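Note that the chains take the letters A, B, C and D in the order they are written out, and that residue 1 is the start of every chain.
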Amino acid sequence: MTNGWTDLKETDCALIIGSNAAENHPISFKWLTKARDERGAKIIVVDPRFTRSASKADVYAPMRSGTDIAFMGGMINYILQNNLYWKDYVVNYTNAAFIVGEGYDFKDGMFSGYDPKTRKYDAKQWDFEMEPQADPKAAPKAKTDPTLSHPRCVFNLLKKHYSRYDLDTVSRVCGTPKEKLEEVYRTYAETGKPDKSGVIMYAMGTTQHTVGSQNVRSYAMVQLLLGNIGVPGGGVAALRGESNVQGSTDYALLFHLLPGYINAPNANADHATLEAYLKKETPKGGFKTNTPKWVVSMLKAWFGDAATKENEFGYHWLPKKDPKKNYSWIALFEAMYNGTIKGLWTWGENPPVSGPNCTKEAKAMENLDWLVCVDLFESETAAFWKRPGADPASIKTEVFLLPACSSIEKSGTVSNSARMTQYRWQAVQPMGESKPDLDIIYELFAKIRELYKGSKAAKDQGILNLTWDYGHPITPEAVAKEINGRDLTTGKLMTSFANLKDDGTTTSGCWIYCGMFPDENKYRAMDRDPAEKAKGIFPGWAYSWPVNRRILYNRCSADPAGKPWSEDKKIVWWDPNAPGDPAKPEDGPGAFVGYDVTDFNKFLKPEKSAAAPFIMQVLGKGGLYANTGMNEGPFPEHYEPWESPMKNAFSSVQLNPVVKVWEPDKQGSPDQFPIVCTTFRLSEHYQTGTLTRNQPWLAELQPYMFIELSEELAAEKGIKQGQKVKVSSARGEIEVYAMITKRWKPMEIDGRTVHCVGMPWHYGFAAIAKGESANVLTPHIGDGNTMIPEYKAFLVDIKGV
Amino acid sequence: MAQPKIGTLRNGKVYRFDPVEVAAHWVHTISFFALLITGLVLFAPGGAGWLAKLLGGVNVTRLLHRVFAVPYALISLPLLVFFSPRGAKEWFREMFHWDKDDIKLMMGYFPEILGRHADLPEAPKFNAGEKFNSLLTLFTGIGLTLSGIIMWWPQSFPQWLVRLAYPVHDLAFLGMCSMLCVHIFLSVAHPKMRAALEGITTGWADAEFCKEHYGKWYKKVVTKG
Amino acid sequence: MRVTRRDFLKLSGVTAASAALSQLGFAAPAVAKVRDFKIREAKVSPTICPYCGVGCGQLVYVRDGKVVQLEGDPDNPQNQGSLCSKGAALSQVFDNPRRVTKVLYRAPGASAWEEKDWEWALERIAENVKKTRDASFIETQPDEKDPAKSYIANRTEAIASLGGASLDNEECYLLTKMNRALGIVYLEHQARI
Amino acid sequence: MAKTLYIDTSKCMGCRGCESACKQWNDLPANIKGDLKGEKFEFLPFNGTYQTKTAFAHQTYTMVKMQELAADDGGVKWLFGKRQCMHCAEATCMMVCPVDAISRTPEGAVYLDKEKCVGCGYCVQNCPFNVPQLDYNQKGIGIWEKKSSKCNLCADRVQNGLIPACAKTCPTGAIKFGDREEMLALAKERVEQLKPKFPGARIYGEKEVGGTVLYLLTEHPGYYGLPESAVVPWQVRFWKYFARPVGELAVGGGLLVILAGLFFNYVMPAKETPHHAEGVK
């Protein structure tokens, strides 16, 4: 989330697409209800089915699962054709005026630079035309045309690209009636005014597609066109599904990152040494130019005194990926299925329920020599060897089920969707012999290290040199101090990541959290001042990285001169009379002031800060056009899901050209499986249900696995309310209850009736509330950038039992 | 030994009821009293808290109430009908047969209860008071049984009926109670009517008593028989 | 810890007052005795809901080591006292008869769990880790084009780590450090799925 | 000052936080059969909707009633209505309770004291909203302890300065608790606000059964499982105002007869008459 949960009350319009906020983030509706009551805000819900969110919407539009880009492309087209974009914002704060190089081209669904052999694009072809720079170290600058008239400026390319997304075609693809499309577009485009803001709220309904990343980009582009980024009540709100999925991502429990969103190193020439790595990973412009300070400080935190300039601060003790390999979820399970992976530990993760094509993933686990499962309950993962149909005697895996304790039995912090890190105070002693994961990890690694004691082998030095002394008993505060980091010259805790250095004199385990523990007795995650300063900002409550900022890109809330675009939407603004930078008295008075911590050096003159309001971008502007970072191309283009009932109406390219097809033989055809299926979550259960399906109160609230289908489909198939049905896909078959509901309606897709159904994916064979897992049916195919599996759109058939 | 004929006079006593009639009366009496006591605990538990305790608590009392409801509803009447058809016939005939004498008798009952003399016509086997008591017993019994069944299995009946069952049960039980007061008083405490108790207990009642109180019957059955 | 708890201040005041009143015989006469106020003497700890990403505040009321009540934290700006069905039911995670409270071990081919102690289990796991790691360790990787050149790889592809989104930050950090020190690259968590 | 709940169904999104919060505060078990440590469990049968709790139970003081309706524009409406004891001003349960286990708190809640309850079930049968339900606990062969159970409007919380658990937990403010007058004013204002979009918007509970918990409904009360006109059942009135007084009068009469009989026979016996003398040997 660029803004926060409490900020939702400042919105004038919330577009809920790819999420079911009322159901899965019910508290968001506390704030949306407030916005509606107090500001007359509108709530729009776009979803294949009529959800609990839809029940409270002003406008509900059905949309076939997997057609977000068509839907949003249509909105971009509508906004541009009807001049509903906010020109001042677009010209000043986005890259609309940038001139794109001549290498860029787009024909029949394909951008220029594609290599069909590797299924990859050469992104260089999409570069901007750059201003020549005399100083090679200076921040790069693109050529621009602020009049937006150059035929190759981003704005005109954008206009051209989305001119194909007319209402008729979009309606034919999405199955949304034309008048509903227009109603949504018109209502949401209202926010493209200085005194209005709109927020797009999305979740896994957006990302779990082969085009998931581009779906998100299409939202961001609409937000940029309407000037909704960096203002209260605006932003792109990724509603994160777990209490600390933000934190676990920040700390890079992902193969491709190091803590703080730094790319993980590869075993190749680019990353052969620390110097080469830093050179490669440090851009010339934007805030990321500080990357070396973050990396070196992290290495110093991890390897302590053993990290010296001579040994590249222990850089080589980090694992280097095979640059040709992908280690993401699907690849991981393919590797396990093929026998490469021999040992696995899971920390509250439950693949036999949550993995795509989970039958295969559970089968893959049989190849493990050992499995360590850390959980509160006996999950389907822990019990995979006795799952229905398995023969325990033939499964040679050694399984350890380590009892972890719950959130109320331990202390520590979690970071919510708004990057707010809040402290949890332990309330009760851990149950039985269960332990906090912190203790488990601490003790486990100590045991492993014990076994390597005295080793001189190079490969073991990382283990032996890792800083691992947090006292006994270990406390979260001791770890948090290491994360925050210290100035080694003074021994004091760091107060801000601005002070980090790349010479080994500072440490910080994760730079974005630097400054959260500024003093030995002050863990800002414990701050509990419940007062609202203004505009939904509660600065005294806990800590939001970076530097306790609550609204990212907040420079955009004021015009280039630093004056708020509107009184109602002001967050930070230039006060020429405020005391200036004490370090630079020659600059005189003047500073940005307001309700939030500025996204930039607040003493920078407004014109300067306006030049780069998107500080993490190399070129400083909001990216309507993504010359880098997106594998499929600079503009989101609609491709059909891997399994789709129709031919792509926008081009001859059916599937996202950069995705990897893992199991071509497991693709279902629309003849055999004519029904579009999606998966979803219920308010009453959490993810794979290991926690909630084991709690009597919640188990009774939703005890059964079911499939939702329309009355029309039920009539066609002769299915009665509440009976058992078999649902099948090219991957498998499950038996579930039929929930016949008015909330699903058949859609008119490409001139014919297509049925759509959906089911919750919380269920498995363990716990009190049991049921067959929806993911038996989902495919092993992922997004072109993130490899997030396409859980949300696949084909099935259904018949009564 | 063969049963004597009804109306047989022996040692100054008249054979008034056969053992089945006697049994039916007492099964009914005992079960009714049991239901009355256990019912009181449920009807007025606040006032009858000590009683509930005596009986082993409200829950045990509730069970007992149902236990006694079975003989109450299922035994007395069938017993009489199947095993003493004669007695049943007489009882039914008498209870539904009212003539001027009965009415007159009924009217003169009150002074009689108070021990005052009234010049009353002669009665058949059952006098008017007993007839009235019988009628009330039969109809409240049906009412109590039917409403009791409904209250026992409320799920099986429409809600309006269940709701109605409560006042019906209460009304029937209270009506029966009021009659019962008089009935017990006469049979146990009234100096002159007490003799009737012997009749319904042993089957044999004092001949003089019978002659006085059931003149018509005495003349018809005993004297002629 | 700095806990500003308007509610319990208010609460304890009211409680004391009502207790005093009832001692003086001022308890409302017409009213049935209302159930004992179960959180009267409970100790309260603020925490954050472990479910979705909203980060709602919760208050846990504990008496004699038992959770007697759990409800929304009115001070937390996210939820201001509100909780959804999951958050409001959280106390059932604790004291749940289905919780695993001992280390469980399933030997290869076995058809049932056996209880073990922590020490044994951690040692056994450590041995497994070392065995798998040492047998699969890739120290260097040759250049894609020039096989004469090679780069330090320092990884194992035989061990995988999954999960972390339900761990605390401090735990995630330790886990990321441990995984990397061991050379684990098959490293994923819930953000991917 | 009478306090009440005000439930604005137009704001309820059916998250069912109130259902959990209610169980938490009142320590109510789940309606599940089976040993919690075991593997086999039985729930209420699948009914094809999200509303898995279809009726009140001794474990269920509150539930969100859900209803799908076809909308005029071809779409669908999904109604949510949080239900619990209505705390009627003219409370049938209070009228019929033979042991005064049900009484009113000074704050206006109809409070059911389980300690006093004897489980007769009269309140269960006669509630116009079918709210109270019996809790059966087997105490021996054939011996069941029965206790009527229902929402007490968290009287213990309210008397200690807190608001009911459901109102506190409600994310959207669909459940509010406060002075009745104030709540009614809110509801009236809201009806006016909603009328243009929801022509069926109305207040429920202002007059019903003398006034109950206040609801703002957007559709006919029937869709929320509420009777269109809720009144004290006629049977209860018949019972309360006829059957019992008449019956008690009759019993009183009977007892009077006994007393009189005893008095006149033993204390002031009549003089022997020849008629009677004949009868005595």
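As a working rule, a residue touches a chain if its C-beta (ideal position, glycine included) is under 8 Å from a C-beta of that chain, and two chains touch if they have at least 3 such contacts.
As the structure is a computational prediction, the values presented were derived from the model and not from experiment.
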item	value
Those chains which touch chain C and also touch chain A	D
Most centrally placed chain, judged by C-alpha centres	C
Between chain A and chain B, centroid-to-centroid distance (C-alpha), Å	84
Chain C and chain D: spacing of chain centres that average the CA atoms, whole Å	39
Distance from chain C to chain B - Cα centre to Cα centre, in angstrom	72
Distance from chain D to chain A - Cα centre to Cα centre, in angstrom	48
Chain D, residues touching no fewer than two other chains	15-17, 19-20, 23-24, 36, 100, 171
Set of chain A residues in contact with two or more other chains	26-27, 30, 683-684, 696-698, 701, 768
Where chain C touches two or more other chains, by residue	70, 79, 82-86, 89, 91, 96, 98
All touching chain pairs, where touch follows the definition stated at the start	A-C, A-D, B-D, C-D
Chain D - residues contacting chain B, complex	96, 98-100, 118-122, 124-126, 139-140, 142-146, 233, 235-236, 238-239, 242-244, 246-248, 250-255, 257-258, 260-266, 269-270, 273, 275-276, 278-281
Complex contact set, residues of chain B against chain D	12, 42-46, 52, 58-60, 62-63, 113-117, 119, 151, 154, 159-160, 162-164, 166-168, 170-171, 173-175, 177-182, 184-186, 189-192, 208-209, 211-212
List of chain D residues in touch with chain A within their complex	11, 13-17, 19-20, 23-24, 29-32, 34, 36, 41, 43-50, 52-53, 68-70, 75-80, 171-173
Chain A contact footprint on chain C (complex, rising order)	1-4, 45-58, 60, 62, 65-67, 70, 75-80, 82-86, 89-96, 98-111, 113, 118, 121-130, 132, 136-137, 139-141, 143-144, 149, 151-193
Contact footprint of chain D on chain A as seen in their complex	22-23, 26-27, 29-30, 33-34, 50, 52-56, 60, 682-684, 696-704, 706, 721-722, 737-743, 745, 768-769
